[in-house]
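First chain written, first letter: the chains are A, B and C, and each begins at residue 1.
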Amino acid sequence: MSIALFLEQILNGLQLGVTLFLMAAGLTLIFGVMGLINLAHGSLFMVGGFVCAAIAAATGSFWLGLAASLVAAAALGAIVEIVVIRRLYDRDHLDQVLATFALVLMFSEGVRFIFGSFPLYLDPPEMLAGPITLPGGLPYPAYRLAIILAGLLIAVGLGLLISRTRLGMQIRAGESDREMIAALGVDIRFLYTVVFALGAALAGFAGAMIGAIQSVQVGMGEPVLILAFVVIVIGGIGSIRGALVAALIVGIVDTMGRFLLPSLLANVMEASAARGVGSAIASMLIYLLMAVVLVFKPKGLFPANA
Amino acid sequence: MTDPVLALSGLSKSFGALKVTDGVDLDLKPGEIHALIGPNGAGKSSLIKLVAGELPADAGAIRFAGRDIGELDQVARARLGLTRTFQVSSLVPEFSARGNVALAAQARRRSVFGFFRQVATDPDLTGEAMDALERVGLADRAGTRVSELSHGEKRLLEIAMALAMKPRIFLMDEPMAGLGQEGSVRLIGFLDKLRHEAPILLIEHDMDAVFQLADRISVLVAGRIIARGNAHEIRSHPEVRAAYLGEDGA
Amino acid sequence: MPKLITEHRLNIILALILLIGPLVAHYAEEPFLVTLATRATILALAGVGLNIALGLGGLVSFGHAAFFGLGGYAVGILASHHQTYQPLMTAPFVINGTNQMLILWMVAIIVSGIAALLIGALSLRTSGVYFIMITLAFAQMIYYFAISWPAYGGEDGLSIYVRNAFPGINTLRPLDFFLLCYAVLIVVLIAQWRMTGARFGVALQAVRQNEGRVAALGLSPYRIRLAAFVISGMVTGLAGALYADLNRFVSPTMLSWHLSGEIMVFIILGGVARLFGPVVGACLFVLFEHLFGSFTNHWQFFLGAALLAVVLFARGGFIGLVAGRVEHD
């Protein structure tokens, strides 16, 4: 096994991690500020992918598609927040889970109705379509590298937003004491809509970017959503920093696990069995990691509220 | 000299820079009512939480029933016979008064894994529940849902549940709060007799009750015990007057 | 809105409707409707299982499909080994396949019980949203495992060629199999009814309403919840076993979070924490699926809309609407 292959998998892991971060950041913000668990986040990811694919196909430009997906996801997020979500803030978690699950059903069927059951295809933009040669001679898809960079930039941007802007200050205040900031005259309703739309935009952006690597289809958001939950549990609810660290860890562990386990097991069992068993265990690896973290740190690595 | 049932030594607890409990020594002897008084924010409820096991102590020891209980959690301490009543009534809202006390009776028996015999028709549990309710004067409200009880009735229900636990000691956190004049007088009489079943560590603001009932009074200010004695000694203690009674104008 | 009928009487009426409906369908020579009723009955049982954890215990488990699927796979795996005459294991001791329902049910219950013990022991150390996400995650773990484990069909699932056997009953006849499933449901419902008013049920409900109070009385909320979670998993696992025989097919879909969500939907449609809530909910769901499904492939859109409406406006579900607030003591 070569260093180049190993490095390539690490980069793939980073790319997965960055995608998970975009999902997890939105989820953890929404939970931290509004106390709401949102199962429909995966649907927003899916909508991002579909809008990007549709607009890119119609206009021939990936970039227009990407921009459209951001706008569409944010707008859809804002609408959903105003019409449905804001009735759920005072409800218990069961109601939130069921209502957002209802939204998942509606979004999935809605998209299937509009776009049909077959996957859409989305090509990465021309300028990023080929490989880049990294130092050391490893060729790696430019597009995936762009995703990693975009994700890290967004992480930095989010960090700055939260720590340096007024909106960020309201977010941080809202996370520690919801009732207080309302009493201080902050327009809570507007803040909540903005936070939800921001989370939705992050998810839609992730969906659009991933759409060019995997196919765009109904249900594409679900696996990512669940991994994002694992990320939040490991990282600690309400913590953006936790989400980043955990997302990168999860992305790398998952990718490397799937890559290494079958070949490791091939040392002790015959090849086809090793492949089967290896990939089965690799698919459980992240959850086992989550279980281990929970044993020692039931509130995650960086819990936002002590 | 009888051994104390409960003995706290050097008990301390801080939240960051705030020392809520600062080297508290206190003991509770059989048959006594030991009152703990102090201004708001002195740390009385925190002390109860430390003793009950709801909060872990930073330093110091708690001896109860002849053993060190520092390592035991709330559930284990309750099982040893340490029963508390809550400052803000903590009841099972959808159950009736009788249901709540029956739960306490069930808990005393450490009986959870019964799947067939119905609690509502179990003569042992309901019998004990009614006995306790009668003792506190709530028998006629036995079938009423807790959410429909008055504030004062809930305070009495707290005590009925404590009775059903047949504990070794009572930790009572402001049992008088919210009882009217008549209710307070009755409860004072009740607690006076109760002390012989098990000693009581009593947190109270109601000074009449404290001076009538307490064998000893400890005064807690900013987490520290600044004075200890009987009613007369405390009433005339200069520091106490300054810190506390002075405001109340006893 | 004043209640129309006591919950107890409503339950009896519902039980009778669920029994008489398929009997009528059988004699009207509509075996498909009998099968539909069987499906509703089995899904109701899955919901009854979850309701023990969710309704009585307040544990929002979004991973109950794990138990449903494990129960189903227990049956599928043992039945397939029976069909192929290959033992499941030869060392350290021999385990043969079997087609006897009673044994299969036992295995399903034990397997899902152990899974619930492991998952519960870890998940119940957390609470609130953490608990929801963790139960979801563990169920997904099992789901992905089932997809990638090559031996039992993976994503394509596993077929059971002939429905398994139950002494004295021709399980291939739709009505017979329905009556068997119905009997199981009724027995479980009676057991749950007794349990709710017994010491365990009382302690569990107390933990749901005021955990601190229960701890202060010297009972361990963790242990009570864990026991409830295990019982809940076992019942749902039994439902999975029946489901495998109904469809003569098991697949990873039985483990999907979508199914976890659907089981919760039954409960909320019928009424959370109501004894017959899951029964009503499952029947409504199956009816919905059948009626709307014949009009459009996108019927789940309308299910979602209906669910949203119930959550926002009719929180007590069907039973709440008809029989009013829950009575206690």
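As a working rule, a contact is a pair of C-beta atoms (placed from the backbone, for glycine too) under 8 Å apart; a residue touches a chain by one contact, two chains touch by 3 or more.
Because the structure is a prediction, the values reported are computed rather than measured.
Visitor: Take each protein chain as a node, join two nodes whenever their chains touch, and name the resulting shape: line, ring, star, complete or other.
Guide: line
Visitor: Among all other chains, pick the one whose mean CA position is farthest from the mean CA position of chain A.
Guide: In terms of C-alpha centroids, the chain at the greatest distance from chain A is B.
Visitor: Compute the distance, rounded to whole Å, between the mean C-alpha positions of chain B and chain C.
Guide: 44
Visitor: Report, in whole Å, the distance between the mean C-alpha point of chain A and the mean C-alpha point of chain B.
Guide: Here the centre of chain B sits 50 Å away from the centre of chain A.
Visitor: Cα centroid separation between chain A and chain C, in whole Å?
Guide: 31
Visitor: For chain C, jot down the residues that touch at least 2 other chains.
Guide: none
Visitor: What does chain C use to touch chain B in their complex?
Guide: 191, 194-195, 197-203, 205-206, 209-210, 212-220, 223-224, 227, 326, 328-329
Visitor: Which residues of chain A touch chain C in their complex?
Guide: Residue list for chain A touching chain C: 31, 37, 39, 84, 87, 93-95, 97-99, 101-106, 108-110, 112-113, 222, 226, 229-230, 232-233, 237, 276-277, 279-280, 282-284, 286-288, 290-291, 294-295, 298-299.
Visitor: Which of the residues in chain B come into contact with chain C in the complex?
Guide: It comes out as residues 52, 54, 74-76, 78-79, 83-84, 86, 90-96, 98-99, 102-104, 106-108, 110-120, 143, 145, 161, 165.
Visitor: In the complex of these two chains, what residues of chain C are touching chain A?
Guide: 54, 60, 62, 122, 125-126, 128-130, 132-134, 136-138, 140-141, 144-145, 147-151, 257, 261, 264-265, 268, 272, 297-301, 303-305, 307-308, 311-312, 315
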